[in-house]
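Okay, got some structures for you below.
Here chain A shows up in two complexes: once beside chain B, once beside chain C.
Right after this comes the complex of A and B.
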């Protein structure tokens, strides 16, 4: 059994499946990746005809989260090429009922080989789609995945809080509040974002490192129970700020405290819209 | 001059923490009332904000309070099962736990973040809790902000860009 699917094999399979989906299913459009015509980069594309599917690829640079593009056209019937993290985001959308399952055809990528420079892929715990109609590639068995994850540590776990404070002081000094992290995040989809609200003004005008930290703390506070740990925020950051360590911490804490993993099933209620009477009270007076 | 200096020094020694207390209208706020009408003595460091239910407490408000210079936070609601809105405090419990995890992870001392339950009949407990919270916050000293030194990172200066970087 091979450990990982190659990008080439996956691309070829995606092309075949995409053609089949466009021919057989009654979809308005298909979201996938293709080589940019001028840039040569891997870019998201909207494909409407089966013959255009020949352009499609899957490479190590396929960083944009196509799940987020689904929301843009959610009244249409769409097919989407989904990385495992995308499928988790989609399962999360379904659990919040913001998109109709009947309008979706999901082409899941089995045994995702990961993306270049994405630290989230090194500690990825979902390498097969959680929800899909078609699949490409070969599945990674759970035993294989467990072996790979053995000994993997998540970011900044070993530092003391004081060291992390120092670390974040350095990191967030570079933030320019461009909100690329928010825009790239598949589970950040409010129509009206708190950062743009001026009644109340959560994030004040001006850009000092302090304000940047407030922005990031508030953004992270929207993430527990949502973040699927895809690493899109960090990949989108033009300053290379490591902000995923905060969301990842909450991701692992939610699993530890509430046995909750976001986007595992469409039936799962969101973490903070649910409770158990037996929830623990760590550090309560 | 000497007295002014001494006064300043004394001021520094006597750190009076400013604590924002988010109190549930139906229980803890009434407990604070009861503590007052029973003439129980407790430190005057808390600034009370009455909220309809701890479930109403947007976690961002806690971040905002710290941003605006509060030294500590106290959130107090009804005991689990006693919520006026049936289950508001259960939601609050999860939310606050996550907020606490996040803030502690990013370097806020756990002593500044306090969450407790206090019913309307527990005036004595409320006074005790406030004393305890003030002691906890005093033990970690004044709040210095979320970052160690706000401003530019080491080695970064404004206006110094080499021409080559544009090419």
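Right after this comes the complex of A and C.
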């Protein structure tokens, strides 16, 4: 039996803390999850008043990364309910200096119980926030986490490159180029994505399997040293594409080859701007 | 005319129809972590047993009428060129629910009526027969009755299927069409059902579709001027990520873009939720923020489409845009917000 916090307890604590933050801190808005008025589904919401904090919940369907929205309103002072993977995305933003720490109040979730159907949670190595101002839930100890992760393999870990390629071509053939994966990803934050560029046109119009693959490979090439392995891309995909099978490989290769995990600390230099002569050079991953 | 079928009768009928028609029906399909219900062509008689009618399909059959990626032939071939995937074999779509039937009717309005005929759409449409299917329970997040769609009964398709506890009723709405397609003779010999029995079933079902929390109070079309001046779109659509899921899964969204591969002309789905949709060659974008794109999507469905098509809504209330949205942004919430925002203005609609 896993020692983790229940969604119910976390929801209750989040309500309290959100209320406190909105009442006491000088924030413009708070990003959290609430239940949809008509749908009953868990959805991201932005609240501004302490009395709205009662709406806050945390559920097994709280898949969207609220960290993503911080960038949209970075001129404002914002509080955010952050899953541990969100805190890593935030630490990564800070390491790239694209958001001001002074504008953030981070409500971190300790001992994150994970999300339904998100395979990223099965191999998650960060179950407590890496950066936070307030915390909810009980921390999970590093010994407990290590025990849970023992023997866990990441997606396609044991496959040969040829087998992986075969898997990718089958999976990504279902892509409809809706770009939900990119839009849900907390570290896909370019002002102008190459997809939206038509001068020059990086991704040709049309949606054959080859063209779909070009989009996904180009996105993947932006991911080493950035992907925090949250699984938001896969959860957003309406075609059920095994989206993480590509990015998790890069995540674990970066760790294996350079002992690098993105978003572990705001002071950490990004992978691709931190070079040493001793770095291994395995060639194309 | 009403017929009564056992499960075996239906299977035998479909088997017979397969001799001449390409039968396209919903099946349960595993896609990665998702188990979906999708329309697929029946490839052999054995597959007839796996047809899955119980739940609303995850996608409408729109891609069979307006393919995601459609090759339109060489530019020089002229207007009468056939679609690249053209098959002479006529198609039967089995188990299409009222929301998706309404979606196809909307496509008919846009693509084959009024001043403009799209020959590719027209050929696919005229080559297709739809067998409708009566919903027995409300699909997740659906609000079809609020946009004038009757989920239980439908007279706009040649044949309508009603699943009972045991077997089916089959209502024949368009004998002429069925005769012309050579289908009537295959149905005529089936056992007769009675109007009363079918009516009882329909009434019982309609009970299950009683009103829910969501209602559309405004008349269509929604007023355009107020939509631009009095509604805070940013507030209500703030969680939108800007992907194209809602529009791609929408049975009524038909916007497309053209592109060329050498001399071959192509058409692919486009989406008003994308920034490139409106970007000008100069770099100027008249809809530069996401809430403006959301306003466009809502107004196209509830203002511009009704304005152009005799008050018909551009939304069939299937609920897929809500269920499929990665952040569950609910169009009902946006409509309610819209109505609350303009109510102070004393606007009842139809004045834009």
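Note that in this section the second predicted complex is superposed on the first by the 280 of 285 C-alpha atoms of A that agree within 3 Å, B and C clash if a C-alpha of one lies under 4 Å from a C-alpha of the other, contacts with A are read in each partner's own complex, and residues count from 1 in each chain.
Throughout what follows, contacts are C-beta pairs under 8 Å (C-beta built on N, C-alpha and C of every residue); 3 or more make two chains touch, one makes a residue touch a chain.
All values derive from a computational prediction rather than experimental measurement.
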- Message: On the A-aligned overlay, A:208 touches which partner chain: chain B = first, chain C = second, or both, or neither?
- Response: both
- Query: In the superposed arrangement, which partner chain does A:184 touch: chain B (first), chain C (second), both, or neither?
  - Reply: second
- Task: Considering only touches as defined above, state whether A:264 meets chain B (first), chain C (second), both or neither.
- Result: neither
- Message: Quick check for you: in the superposed arrangement, does A:240 touch first (chain B), second (chain C), both or neither?
- Response: second
- Item | Which superposed partner A:164 touches (first chain B, second chain C, both, neither) | first
- Message: Let me test your reading of the model: by the given contact rule, A:194 touches which partner, first (chain B), second (chain C), both or neither?
- Response: first
- Using the superposition on chain A described above, determine whether A:174 touches chain B (first), chain C (second), both, or neither. both
- May I ask you to decide whether A:145 touches chain B, chain C, both, or neither, giving the answer as first, second, both or neither? neither
- Message: Let me check the overlay on chain A: which residues of chain A are in contact with chain B and also with chain C?
- Response: 174, 208
- chain B-touching residues of chain A, taken from the complex the two chains share: 161-162, 164-166, 168-170, 172-174, 194, 202, 208-210, 213-214, 217-218, 220-221, 224-225, 246, 249-250, 253-254, 257-258, 271-277, 279-285
- Task: Please give the residue numbers of chain C that touch chain A in the complex, ascending.
- Result: 31-34, 36, 68-69, 141, 213-214, 238-239, 241-245, 248-249, 257, 259, 261, 266, 268-269, 271, 274-276, 279, 322-324, 326-330, 332-333, 336
- What does chain A use to touch chain C in their complex? 36-39, 41-46, 63-64, 68-69, 72, 117, 119, 171, 174, 176-180, 182-184, 196, 198, 204-208, 234-242
- Using the touch rule from the top, collect the residues of chain B that touch chain A in their complex. 59-60, 63-64, 67, 80-81, 87, 90-91, 93-95, 97-110, 113-117, 129, 132-133, 145-154, 156
